[in-house]
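Attaching a single structure in structure tokens format; questions to follow.
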Amino acid sequence: MTFPAPLTGVVPPVCTPLTPDREVDVPSLLRLAGHLVEAGVHGLFLLGSTSEAAYLTDRQRRQVVEAVVGHVGGQLPVLAGAIDMTTPRVLDHVRAVTAAGAEAVVVTAPFYARTHPSEIVHHYRRTAAASPVPVIAYDIPVSVHTKLPGDLLLGLAADGVLAGVKDSSGDLGAFREIVTGARAHAGFSVLTGSELLVDAALAVGADGAVPGLANVDPHGYVRLYRLCRARDWEGARAEQERLCALFGMVRAGDPARMGAGSSALGAFKAALHLRGVIDCPVTAEPQVPLSGDEVAKVGKHLAAAGLL
Amino acid sequence: MTFPAPLTGVVPPVCTPLTPDREVDVPSLLRLAGHLVEAGVHGLFLLGSTSEAAYLTDRQRRQVVEAVVGHVGGQLPVLAGAIDMTTPRVLDHVRAVTAAGAEAVVVTAPFYARTHPSEIVHHYRRTAAASPVPVIAYDIPVSVHTKLPGDLLLGLAADGVLAGVKDSSGDLGAFREIVTGARAHAGFSVLTGSELLVDAALAVGADGAVPGLANVDPHGYVRLYRLCRARDWEGARAEQERLCALFGMVRAGDPARMGAGSSALGAFKAALHLRGVIDCPVTAEPQVPLSGDEVAKVGKHLAAAGLL
Amino acid sequence: MTFPAPLTGVVPPVCTPLTPDREVDVPSLLRLAGHLVEAGVHGLFLLGSTSEAAYLTDRQRRQVVEAVVGHVGGQLPVLAGAIDMTTPRVLDHVRAVTAAGAEAVVVTAPFYARTHPSEIVHHYRRTAAASPVPVIAYDIPVSVHTKLPGDLLLGLAADGVLAGVKDSSGDLGAFREIVTGARAHAGFSVLTGSELLVDAALAVGADGAVPGLANVDPHGYVRLYRLCRARDWEGARAEQERLCALFGMVRAGDPARMGAGSSALGAFKAALHLRGVIDCPVTAEPQVPLSGDEVAKVGKHLAAAGLL
Amino acid sequence: MTFPAPLTGVVPPVCTPLTPDREVDVPSLLRLAGHLVEAGVHGLFLLGSTSEAAYLTDRQRRQVVEAVVGHVGGQLPVLAGAIDMTTPRVLDHVRAVTAAGAEAVVVTAPFYARTHPSEIVHHYRRTAAASPVPVIAYDIPVSVHTKLPGDLLLGLAADGVLAGVKDSSGDLGAFREIVTGARAHAGFSVLTGSELLVDAALAVGADGAVPGLANVDPHGYVRLYRLCRARDWEGARAEQERLCALFGMVRAGDPARMGAGSSALGAFKAALHLRGVIDCPVTAEPQVPLSGDEVAKVGKHLAAAGLL
């Protein structure tokens, strides 16, 4: 299967179910992948932030890609994150995930290391030169503490270095400038990582969306994508607002007790557990687990959205 | 050899010399380690930020620890960084570097993942529980984007979880509060990561220093440490000011062309190369190399400090 | 005239033309106000960031409000910023601008002072209690270094403390949550401060827009507003994209020589000068003026947009 | 009286006592000024951050300067902050405070406005050109969100634009580079704003200190200054550590309920009230007042330091 250029549609960043002792729960992972494919999503993004890639060991990362590619490979494009601090370490991940079957890799700017735009450019050029599959830039300033500049991305698109960008910056104005600029570069895919703005991103011309919440309600995001493609903007807005309300689950965790990541990833996994998709809602260490009351809040969100 | 409690003295974060094709240059590394030991340093810290740990693959990290421990192990304590995003990945590094002979591990708070103080506490507790050697916290907000709170560190010191802290925050006021608080916890080591404030840090009661510039002038830092221990504060200030002037080399690189990391690490390696300690001044990718003119600036700093 | 609840439509943050010696150029200011009113805008916002309020003395601020209210008062709502560090100083500005005729005041969270959400709430309650006119919150993290939390704003909307919010945060996801939540509070106005996302903001349910670029092309933004209200989203997108291209003028200034503010405000004033609306393009001190070449770039943007 | 060049010694940033209805409590202010002068401080800094300058109206600011200059003018240098967002507004404050008798003005970089180093330079040049008295730069990144670069300060020192710098950045490494560089510029005063590092700052060569806590214990800071000048570093360290413990009072306020500013300024004023220096511990709006329990914590700090 040739990797689509551009990649379009709903591409969920797939949660990584864990067992109670925090190993990859492969049967649950395959059930989740199947649940997403049956809902009609257009691709799967493994080892992203929502997948807890930052928490998975190299062994676990490989296990995730091998399992999912073995299960649904060929049915839809499977992307994998190669999330690490700098070029040499990223290249090791690129080798590992492509050996395991990933059809595209998703790569952030360097982090931990203090970085400069010229170093980001070199990072992507070296990564693309070494990668057997297309490279998609991952713009996630909340984690990387650098925003990928639009002109840098478009320059790398023009040179054929990058095949697309997944934008989790939350800055739709900058996103729009990339969308517009990318029209000159056929095949370059501009994807939003927002759960809340899929209709708006598609309206300004995005190719697709990578919403973490699509783990919980893939049918909703597929429906939303179709409404947008049909230019039924009123219908899309109604569906998007339903999903925005559902997204409120990410605030289930008490901010005095845990970080926003623990709360959001804990909520997604609790929801998948409540919906019967995965066996165990545990998140990786050192994240703080949701309490029983907090899980009950997640349940209320599901019920309100008609998902329980 | 029992690991000292507290660890004291000058503990350089050892640069990692690379070959032109960016493999670990073991002979140069051993020459550098020998150069440091002969100068009288009190420990070696491998795989820190100055060691380009963020840029080294797992294979290269292991190679560094094995080579140095094999060469100087038993003569002085050898610490190693276990730098990664979260607990499970850090634990893999702890296993690898201690298997390779590291006598203590140096661990940051989680990064990339958004984190909460309670998660940092859990991270250190889990790491210490799994580590066969003492765990030293590494406070480096410029990379991790979180400052380790003093009360959190002192709480973990009180519980015996942490054996010390390496403070690269630049905040000497907060550092002093840790030094003072740590007096209640015998054996806990408080180390400054500053090149510019070793005299001041020791004057407020620090146990030692981990200055990157000590790669270039280990004799200077050892002399400075001895002057401070002898309470010759005027002599210490003069030596420290000489080292501050030498440290100006970190600004050799043009900030329009490269980041502060490329400039500083490039300058240290250029200086080691000019001094004949290492064979090749190359830094890891995607860092930008210093130009000939920039290397010449480094040379002027060495000459002014009487090191050429 | 009763202040509209909610305020809707295009409400430009009016530039403050200056004479060469940096006094308020009242004839140019009135010409600009007239130019905006004739284009059909729905309100005028004086003394905002685009108005260089941060650079105007108290005397000049008063002069601006008196002049504009005297010229166009009664034809459309006139709002004024009361931009200062904390409550007591803001209250002085509220008194001054309402004495000069402002029909609503626009107020940020405290800045310079380190602040806490409970202090922000108290700040708005005290301001609203003392203000004879409605208070609109101004969310501009790039200046204030605090993002107004959505639940804080909605709580103050529910209590009748705030009459609306002008959102210059760039975070359309958070904006959408405010828009949705504000439906429960009739009369509360949710306005975007973005130049680039007016169509998207109106599509998600915003009441209006406060785009600085509307000084330069008020007809464009009025047209865009009408297209959105008519639910002609394809026409709106085309008009918005034309305005996005025009907005490229804010990058006319060389970032090596000046800040983003000098560049953007310098470009707006250069454009108004080139279009013959104001007599002199000078900006307040200590901003850096655009060079001749940089002004020529602004001219090219105007020409490309059919505005010269 | 000629303004000293360089200004040296302990120069407390004087708290501004308020009445219960938040007007300046002039009798308490004069009592506080007298209390400081009698303790032997070397200057008074009015209208700084510790003075709640950000919260005082223009009328109140004038009142503070007039009252203190009228009371102690001629006995020691009196400096005043001219804290505002940009050059034109700062110039108005310079006029007001010097008309009221201030012998030097203390000025930050622009804030609220996004600023560039070249704009900061122009800001100080314009301010100094217009000021009838010496201008001292105020480096307080926690409020201004910009760190004044050392080379910028030293360039302005070389040109005679600035008479000194008050450094509240907390970065003693950068401070040391300014101290060292300033030796070439006779008369330029380098002052630390830290409460915790006065001994360390003087040891590296600072001219003096501007510690907020000196309102509460001026005798302690004067003693500390004299010990340092006598090069009794062990005695200085003991006195400094006593003051560091006393400084713990700034954490009296519950961080869940108030910001760090409310807690610190509330603690200083509570301490002055408990010590009988001022009549009322109230802070300006919108700060959160300390509770009775929190005031009791302040009292315990005073008692432990032998000040009650």
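As written, the chain order gives the labels A, B, C and D, with residue 1 at the start of each chain.
Methods note: a residue touches a chain if its C-beta (ideal position, glycine included) is under 8 Å from a C-beta of that chain, and two chains touch if they have at least 3 such contacts.
Bear in mind the structure is a predicted one, so any value in this text is a computation, not a measurement.
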>> Along the graph of touching chains, what's the shortest path length in steps from subunit B to subunit C?
In response: 2
> Which chain's mean C-alpha position is the greatest distance from subunit C's?
Replying inline: B
>> For the interfaces C-D and B-D, which has the higher count of C-beta pairs in contact?
In response: C-D
> Given the pairs B-D, C-D or A-B, which one repeats the contacts seen at A-C for over half of the pairs?
Replying inline: B-D
> In terms of residue numbering, is the interface formed by subunit A and subunit B classified as same (over half shared) or different (under half shared)?
Replying inline: same
>> On a C-alpha centroid basis, what's the spacing between subunit B and subunit D, in Å?
In response: 35
> Tell me, which residues of subunit B touch at least two other chains?
Replying inline: none
>> Let me make sure I understand the interfaces: which chain pairs count as touching?
In response: A-B, A-C, B-D, C-D
> Given the complex with subunit C, which residues does subunit A contribute to the contact?
Replying inline: 170-173, 176-177, 180, 194-197, 199-200, 203-204, 231, 233-234, 237, 241, 244
>> Under the stated contact criterion, what part of subunit B meets subunit A in this complex?
In response: 22, 54-58, 60, 83, 85-89, 92, 110-116, 118-120, 122-123, 126, 142-145, 257-262, 284-288
